[in-house]
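Two complexes follow with subunit A in common, the first pairing it with subunit B and the second with subunit C.
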Partner chain A sequence: MNSRIGYIAFNTFREAVRDRVLYNLIAFALLLSGAAILVGEISIDIERLVVVNLGLTAVSLFGVVIAIFIGIGLVSKEIEKRTLYTVLSRPVRRWEFVVGKFFGLTGTLVVNTLCMAVGVLLALLYVAHKFEKMDVWVLVALYFIVLQFLIVCALALFFSSFSTPLMSAVFTFALFVIGSLAEDLRGFARMTHGLGGWLATGIAYLVPNFSALNVITQVAHGDAVAGRLILYNSIYALLYSAMAISGAVLIFQRRNLK
Partner chain B sequence: MKMTASGRVKLVALAVLLFSLTGAMATLITMDRGRRKAVAQEELYITSPKVLRRLSLGYTGLLADIYWTRAVQYFGDQHNAGSSDFRLLAPLLEVTTQLDPKLLPAYELGANFLAPKPPSGAGQPGAALSLMKYGIEHNPDQWRLYYNMGFLYFTEFIDYAKAAEAFKLGAAVPVTNEFMPILAARMAQHAGEFDTARMLWVTTYQSTKEPSIRQNAVEHLLALQVDEEVTQLERVVERYRQQTGELPASMRDLERAGFIHGTPADPKGNPYQLMTDGRIEVQDPKILYFITKGLTPGASPPQPPHQKSSK
Partner chain C sequence: MAAIEILDLEKTYLVGFWHKRPKLALRPLRLRVEEGEVFGFLGPNGAGKTTTLKLLMGLVFPTAGTAQLLGKELDDPAVRSQIGFLPEQPYFYDHLTARELLNYYGQLSGVPAKGRSARVEQMLERVGLSDSGNVQLRKFSKGMLQRVGLAQAILHDPKLVFLDEPMSGLDPMGRREVRDLIQQLRSEGKTVFFSTHILSDAEALCDRVAVIHQGELRGVGAIADLTSGTQGKIEIIFYAPKVPAGLISLGAVARISGDMVNAVLPEEHQDAALELLRRERFKLISLAPVRKSLEEYYIQKLQPDGIQRSAGQEEGNELGTQESRKGVGV
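For the complex of A and B:
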């Protein structure tokens, strides 16, 4: 990796840590340990399921919220504080700045996810007393969640390259919701004919497909995830985030920063 | 000592904070007292699993766990309150299983909440059967679902043919229980009801780790033992009457005549009582749940005070 991108990424990570982003881990730990202990009291026979479902859902939602709220401020905050001018006055290209910011934020989320993954595995160990073969699929679900973060970070950065932080948050969150319903959208597109059908199909393929990246319920039951899905999801997430980052670079290149 | 302006502000703020917190909590407690009856009449605002699936944004597993917990809590609340109104139970279970069709406890335990007559259950065996059929449709390899369906046909519908068919199907899945083919054969022959019922409860005991279900299976097995022993003792009394022309006055008469050895006692250690009309009664029916024999005429089978599940 280009060393300038590396520096920007590392500084973005450091800034996120300084902003106490990782404090969400405390809330996560409390939520998970509370659930692991309480659920045995108030429900029947679903201790392991709840730990996996709640743990992975929390990892995903906490991460998406962090990705959106930090991602939307990555560019605008630098402009507002005028630190962007200092950075760009050095031999740093605009695209390097955008890509560095992207890697910094995804790095933060990967570290955050790793800590949470340890929490989920410890909670699993607490309720099941041992690890089982099927628990390996929980790690696959966590990998898919990281892929989800790549896309959300890229989208947040894309919107923040031309819009206000508030509108960027709205756009990114709206796309997250629509993308989570991608399968329904496709079903709707299949049922619609004519121009509406074409339009619906176009939108269904354009919005990010988060539903394919969500295998939480499946792994909670210990069901295997197909190797082909892992491959396709990896390629899809990389391509989609590359597309959004390229869009952000294109807009940022043309942006008048005076 | 004179307090600074900043100190006074802090003190007033702390006092207001404590007062407001206490006041808010007291208000909630007052509201809860007034609402206690209303809470018992819980409502299900969104009944469409499709809508809930969309609202969950794909996190259906967690939502299903929440709905399953709601179903357990609802059943427990109604059961504890002695209510026979379980109208939300079937919809709650339907939402749960449609959100996560692989949530096996919702089928197995849910059907056993639904099927038995109140107060043990909701008295909706039809809904229990529909739930089990939906479960088998989505989990065709789970022998326990076929077992539960056979159990339902046997206990709630007294339909031996369908029970036999369910056990037979359950015996054919790749991973099954050794009792399934035997149960299928017994059902097909209508053979030995006590033995069949005992086998069913032993299978239930062995196939779960849930303590409340295991305890329930133990109680049913004890009840079966009592029912069987009372039946046998009453047969002995009848044989004595046929031989001697009169009813025995006490268990010792039966012992002296060589029909029994020692004083027979129930599983809790209390001796069985021989009544003047020749019937056998248990000494303390309150501690022998689910027994159908050995009770005073007209008495209903005693139920356990509270169980998480009623199977």
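For the complex of A and C:
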């Protein structure tokens, strides 16, 4: 990796780690995992299902909040506070800055997810007393959650390259919600004909397909995740993120930093 | 080779809700700054100083025109490692300590890992922040941030340093230290281009200055030339119990302080005034022509008709180069 990208990524990571708000969110997610134990204990015979379901949903939701929270500020905050001026007046290309920021944020989210995942796994261990073979699918669900974060980060960065932090947050969250219903949207598109059908199909395939990345219910029931889905989802998330980052770079390259 | 060569650089922003209303920020600007010069870019707030600096730093893109720094195009990454930049009212990553920030900027500027820490320490020492190196920048005062800003601008030993309002927010001691720093940079052979609206700083530090107003270059010239012209007046200081009536009739404006009279009068009455003093047996202390100050030049250039186009004026010279030192008519 280009060393300047690495330096920018590390600085982004360091900034996020030193931001105390993040710790509150992680603590809250861990608390929720703990609460899942209580709920699990009063749910006879389905403790595991409840813990996995609630725990992973908490990881996913709080991770998305963190991704949007940091992602929208990555570029706009730097412009607003003018910290960018002293970076871009150095031998740093604009695309290096954007990509470095993306890697920094991705790294932050991976570490956060690991912390929260430990909480979920401990909760699981507490209610089940031991890990079972099917728990490996919980790890796959966590991996998919990280892939979701990758896309959310890229989208937040894309919107923040031309919009205000507030609008970027609204756009990103709206896309997350719509994307979580992508499969329903695709179903609707299949049933619609004519111009409406084309339009619905276009939108259904343009929005990120977060529903394909959500296997929480499946793994909570102990069902396996197909290897092909893991491969497709990995490629999909990487390509979608790369596309969003390329868009961010294209916009940012031409932007006047007033 | 010119350190800075600006050829008709122009910037128009599109403003309004639909970004359709043009707003001229900088009219076509031609300027040349030689290597080793300390060049002052003067103008009131909103004159276009920061826009020019942002254009040169590649932070905004020109509507028309080009510029070269150290003989290279603005978008040439190689030139970036040879320039330093202090933005106006700098704000840095406040989660970092001063030491971490300088180390980070050193990495981005390509300062070799070996010796980077030593260089950081040297810079902290140079701006008087050695004791605050491990304090997070969020706890820094405005003046301390300005010092960090100066340190980061010269950290990588650049050949060309841009300072946007470097004295802003500094107390008198801090301003003096910045002035000393610019003098040191000059003695090291660096080119310093700084924007300011504090004329005394420009007068004390600059080899040449340019005045910009409403996005338009109003004048360029060497300080020595701009302040060398007389105003057709002389100042006479002498001992006397009161202002002689004869002096007033010569058109003098006089004030008395203790037993000393200070009078300013038209140059053509110099002999008559001296004759009067001799006759009255007043002891002469000094007689000197009243020189034009940079402030007067600056104010003149800010007037609507302050753009001088006549032969021999500084704008008449190609690109406002150092040649203008020879013939600046004020």
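In the analysis below, the second predicted complex is superposed on the first by the 241 of 258 C-alpha atoms of A that agree within 3 Å, B and C clash if a C-alpha of one lies under 4 Å from a C-alpha of the other, contacts with A are read in each partner's own complex, and residues count from 1 in each chain.
The criterion applied here is as follows: contacts are C-beta pairs under 8 Å (C-beta built on N, C-alpha and C of every residue); 3 or more make two chains touch, one makes a residue touch a chain.
Values in this document were obtained by computation on a predicted structure and should not be read as measured data.
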| item | value |
| --- | --- |
| Partner chain in contact with A:90 - subunit B first, subunit C second, else both or neither | second |
| Touched partner set for A:217, first subunit B, second subunit C, both or neither | first |
| Shared subunit A contacts, counted only where both subunit B and subunit C touch the same residue | none |
| Touching residues on subunit A, where the partner in the complex is subunit B | 39, 42-46, 49-50, 52-54, 57, 60-61, 176-177, 180-181, 184, 210-211, 214, 216-217, 220-221, 223 |
| In the complex, subunit A residues that touch subunit C | 3-4, 7-8, 11, 14-15, 18-19, 81-93, 254, 256-258 |
| Touching residues on subunit B, where the partner in the complex is subunit A | 54, 57-62, 64-65, 68-69, 72-73, 100, 102-105, 109, 208, 210, 212, 308-309 |
| Touch list for subunit C against partner subunit A, complex | 13, 54, 57-61, 77-78, 80-81, 83, 85, 87, 89-93, 95-96, 104-105, 107-110, 149, 152, 156, 162 |
